[in-house]
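One chain, chain A, links the two complexes that follow: it is found with chain B in the first and with chain C in the second.
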Partner chain A sequence: MDRTAVIGVGMTKIEKNKVRETFADMMWEAVNKALDDAGMTIDDIDNVVTTSSDFWDGRTISCMAVGDASGAAHKNVSCVEGDGAYGAFYGMTRSLSGSYKTTLVTGHSKGSQSVSSLITNSAFDPIYERGLGMDMITACAMQASSYMHRTKATPEQLAMVSVKNHGNALKNPLAQLPMKITVRDVLESEMIADPLHKLDCSPISDGCAAVIIAHESVAAKFKQKPVWIKGVSICADSFFFGDRDLSRARSLTEAARKAYAMAGIKDPKKEIDFVELYDAFTYQELMWLEEMGLVDDAMAGKLLEKGEFDMDGRLPVNASGGLLSGHPVIAAGLYSMAAVVRQIRGDAGGFQVKNAKTGLVHGLNGLGGQSHCVFILDKDK
Partner chain B sequence: MAEYWGIKVEDIFNSMQERFRPEGAKDVNAVFGYDIKDEGKWKLTVKNNSMVIEKTDSLSGCIATMAADGETFVGVNTGKVDATNAFMSGKFKVEGDMVLFGKTGRLFRKFVIAKKKMTVKDYLADMFATVAPRFKAGEAEGLDASFAFDLGGPDGGKWTVFIKDKTCTVTTTIEGKPTVTLEFNDAKDYVDFILGKIDAHSILAAGKAAAKGDINMMASKWPILFEKYKDPMAGDVTEQELLVLKKTISLNQNFSTGPIMGKFLKGLKDKKIYANQCPQCGRLQLPPREVCAECRVRAGDFVEVGPKGEIRYMDVVYYAMPDPLTGVARETPYGSIFILLDGCQGNETLTHFIRKDQIEKIQMGWNEKKGTRVRPVWEENRIADIWDIKYFEIDE
Partner chain C sequence: MSDPFKGIEPMVYQSKINVPYSWWAGDTASKFYITLRDEKIILGTKCETCNKVFLPPRKVCPSCFTENREWVTLADEGTVLSFTVARRRFAAIPNNKKVPVIWGLIKLDGADTAMLHYLDEIKPENVTIGMRVKAVFSEVRQGTIRDISHFKPVQ
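What follows is the complex of A and B.
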């Protein structure tokens, strides 16, 4: 198969409330940064994929809010509703299609403009489950409990994820919540939905990210060093919340397995150098690592205690600070992708990890990770 | 108790409570009587959106009483007997307030005849018995073909459907050399496939079925030659189970205007209308947007335009959606107008409303000539909102 590469990335700072900026303002900034990063003008972009959520944006056909600013006028533009990683997947397929060589993929959201719990509640089926008042936090709290019960992961281990990632964010100027905190701070923060404390949860955030994905025939034509997409897969689990063993993420295991195979990775524990994954809640970092086969089953908590996932550890995880330090829903997967791209290029600045050759990007959709997307990015083609 | 079409008179009365529609009983507060020959008497009391049905000896005190024999009563209630004909021929009578009795018709959902469960064998018999009636002769012009079905398992059997000279015949054997043969290891899978419970490709891929001969004839021609098989059990979903849940999804949103739209709205408060201008192409955007869509450059320079202008287009709306911000339906008709404010050109128009009593007097300019001149009518207490302009009126 032909290859594609990420040749430009751009992000706004993630903030609690960008009251001065509209979607178009955020988009303008992120897209221009990505174009500058790539050494391109908007005329070098063949087509555009925007990523947005109508509910979060409070308008239907929400991609229209960013059409002008993303430079989509007079181009083929299509919208993906879901995490930015899924937008990147679609963008990649367009660059592989033969019709386009370069695709600009954007993701935007402003959590500050709406009530997130009402929106995630609306993800449940309207006839039965919605009325029970479940939302993303309560659903994930149930998943956290079942994960902790099965693996014997402790509240302290969960808290250490928060301490690590907020600490990493101190090195990332785009992060919303850089914080030097302790395990005790986390455990003493307000209990939101047992076992999740406030500091086990990611914040409400505003932000916008853009990446440019090019076909191999033009990937080296522009300024930036291409970062190659070696493997990728999306897998979905059954939709109904109760159909799943919540302590497991079968679809993630499957997505990771397929992405490794595509990238020619035989032993992911040895061949993946670092990871940016979807840590909307602390337990998710541990659970996703195990389900992706990057550590042994039920061992993530213990390895975390040993410092293996620290910025200078054996397998740095969320060196950017992750989503716990800023969670612009929808744009999130593109922020993770951009962080991995910058690591591989050696451009990550304060949160640069050593030997960053092969990195993993993880995005997800749905309640407690109903569907997962895994990208393997590499320095070498 | 006698049965008519498999239904007893009592079945109708006993199911009334379940079939009752409170929404149909809003303006009914009365006692009705039913006198069914050789079966007995029943009294129906409807009050405060609820009902009671009881078997009784006396029908005194009923405002209206219906009298019929069992067959007519069951027939009318199940749709087997036409109610108007039965009434006209005197097969059922109503004494008392006939108008009020007429309202009992909307008190109840339809009585649905419960069906026996069908086995795989029943289905196969029904499916092949209906092949000939489902045949569309007009699609079989010049066709000479035979479709064989070899269905295994305890309930299985063999069938061949012949089509020749625009006629269709079915045998319960497989003879000669069929055009195409469909083989199922288990006839149950065939029934499930025809009923749409499982898909063909999964069964074929699993090796549970195979098609031999001219497969295209089965896959493409069969669906054209025959009407789709209708499951006789499919009517089993009673109307009582087809519910509609009325909910209002309410998601609160805040929308930041940003500095560009903020400047425009603040301008309205000061009785000024601002457009922003693209520094590259010079085009005005009204209301202003952050980025020029044509040139993809920031458009941050503001130009005061209007407030008077001329009408380009007007659309008279007769069927109005409710005002999305208040839920109140707008008064119709009203005129939506595109105004080219003084200082604007081309398509740089602003949308608003025309004064209601002036709709008739408006001349549209299209893009060709000058339209009627209008001016904004400002709200007394302005709050930086689009309704700071109440509407536009003719500038005389």
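What follows is the complex of A and C.
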């Protein structure tokens, strides 16, 4: 199969409230940063994929609000609704299609402009479930209960994810919530929805990210070192919330397995050097690691205690600070992808990890991860 | 570059998206709600290929892409698979529910999938995964998921 590479990334700082900027303002900044990073101009971009959510944007056809600022005029532009990783998947397929060589993929959202409980309540089935008034936080809290019951992961272990990731964010100037906190701070923070405390949850955030994905025939033509997409897969699980074993993520296991196979990875525990995954809530970091087969079942909490997922640990996880330190919904997967790209290039600055050759990017959609996307990126083609 | 907002409050345009919307329930959910409203009976649909009973009832089996042709009457008792307690008044919580609100993921006897609903008549700290609960039907039933008022512990 032909290969593609990420050849440029650009992100705004993640902030609680970008009250000074419109969606298009954020997009203009992120796209220009990505073009500068790649050493390209907008004329070098063959086509554009924007990623957004109409509900979060408060309008229909939300991609139209950012078309101008993403340089889409006179180009083939299409929109993906969902996490940015899914936008990157579509962008990659366009660069592989033979019709385009370079694809600009963007993702934006502003949690600050809306009411996240009402927006995420709308993800539930309107006829059977929505009227009960659950939202993303209560849905994920229910998943956390289920996961902790099955694996015996402790509140202290969950809290340690928050301590680690907020601590990592101290080294990432783009992060919203760099914080030096303790396990006790997390456990003493407000109980929001059992078993999740306030500091077990990611914040409301605004941000925009852009990546440029090129076909191998042009990947070395520009200034940046290409970071190769070696494997990728998306898998979805049942829609109804109660159809799944909530303590498991069957579709993530499947997506990871397929992505490893495509990348020629036989033993992911040994061959994946570092991970940026979707830690919207603390328990998710532990659960996703297990479900991706990167650690043994029900062992992530214990390995975390040993420091294995620290920035200088055996398998650094969310060295950027992750989504706990800033969670622009939709853009999130592209921030994670950009963090992995920078690690592999050796450009991650203060949060650079050692031996960053092969990295994993994880994105998800839906309540408690109804669908998952896994990318394997590599220094070598 | 000089700060364009120096000495100025950034302007914020206050608005609202509020669009009335009607969901046609379809024949499957209609049958479920009519039976719930008129007979206080909870129905699931069954896939004969997978031999699985689905609640909430739906027309197509999520596993094998065949039509669920059979209806099955489920017990009004079941097991709590998971739960959470909202300690804050999240915006999505209906006005007539008091915080703390407890939601459970409940697998009724006879069903292979679980349904979401409220747990009540129990203190949040006494709820456990695996506990047995029973449906309490609403006095006034209008063909919605809240024709079940909540689930309470089986004594």
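Observations, loosely collected:
By our rule, the second predicted complex is superposed on the first by the 381 of 381 C-alpha atoms of A that agree within 3 Å, B and C clash if a C-alpha of one lies under 4 Å from a C-alpha of the other, contacts with A are read in each partner's own complex, and residues count from 1 in each chain.
As a working rule, a contact is a pair of C-beta atoms (placed from the backbone, for glycine too) under 8 Å apart; a residue touches a chain by one contact, two chains touch by 3 or more.
Only a predicted model underlies this, so the values are computations on that prediction, with no experimental measurement involved.
With both structures placed on the common chain, the touch criterion links A:Val19 to chain B and to chain C. In the superposition on chain A, contact is made by A:Ser112 with chain B only, not with chain C.
In the superposition on chain A, A:Lys270 contacts neither chain B nor chain C.
When the two complexes are overlaid on their common chain A, residue A:Asp135 makes contact with chain C while staying clear of chain B. With both structures placed on the common chain, the touch criterion links A:Ile127 to chain B and to chain C. Between chain B and chain C, more residues of chain A are touched by C.
Within the superposed three-chain model, A:Ala73 lies in touch with chain B and out of touch with chain C [touch as defined at top]. In the three-chain superposition model, chain A touches both chain B and chain C at residues 19-20, 58, 115, 118, 126-127. Chain contact summary for the complex, chain A toward chain C: residues 19-20, 58-59, 115, 117-118, 120-121, 125-129, 131-135, 137-138, 141-146, 149, 190-195, 238-243, 246-247. Considering their complex, residues 5, 10, 12, 15, 17, 23, 25-26, 29, 54-56, 58, 62, 81-88, 90-94, 97, 101, 103, 105-107, 113-118, 124, 129, 144-146 of chain C touch chain A. Residues 245, 247, 249-261, 289-294, 296, 298 of chain B are the ones touching chain A in the complex.
Contact residues of chain A toward chain B in the complex are 18-22, 24-25, 28, 42, 55, 58, 67-69, 71, 73, 110, 112-115, 118-119, 122, 126-127.
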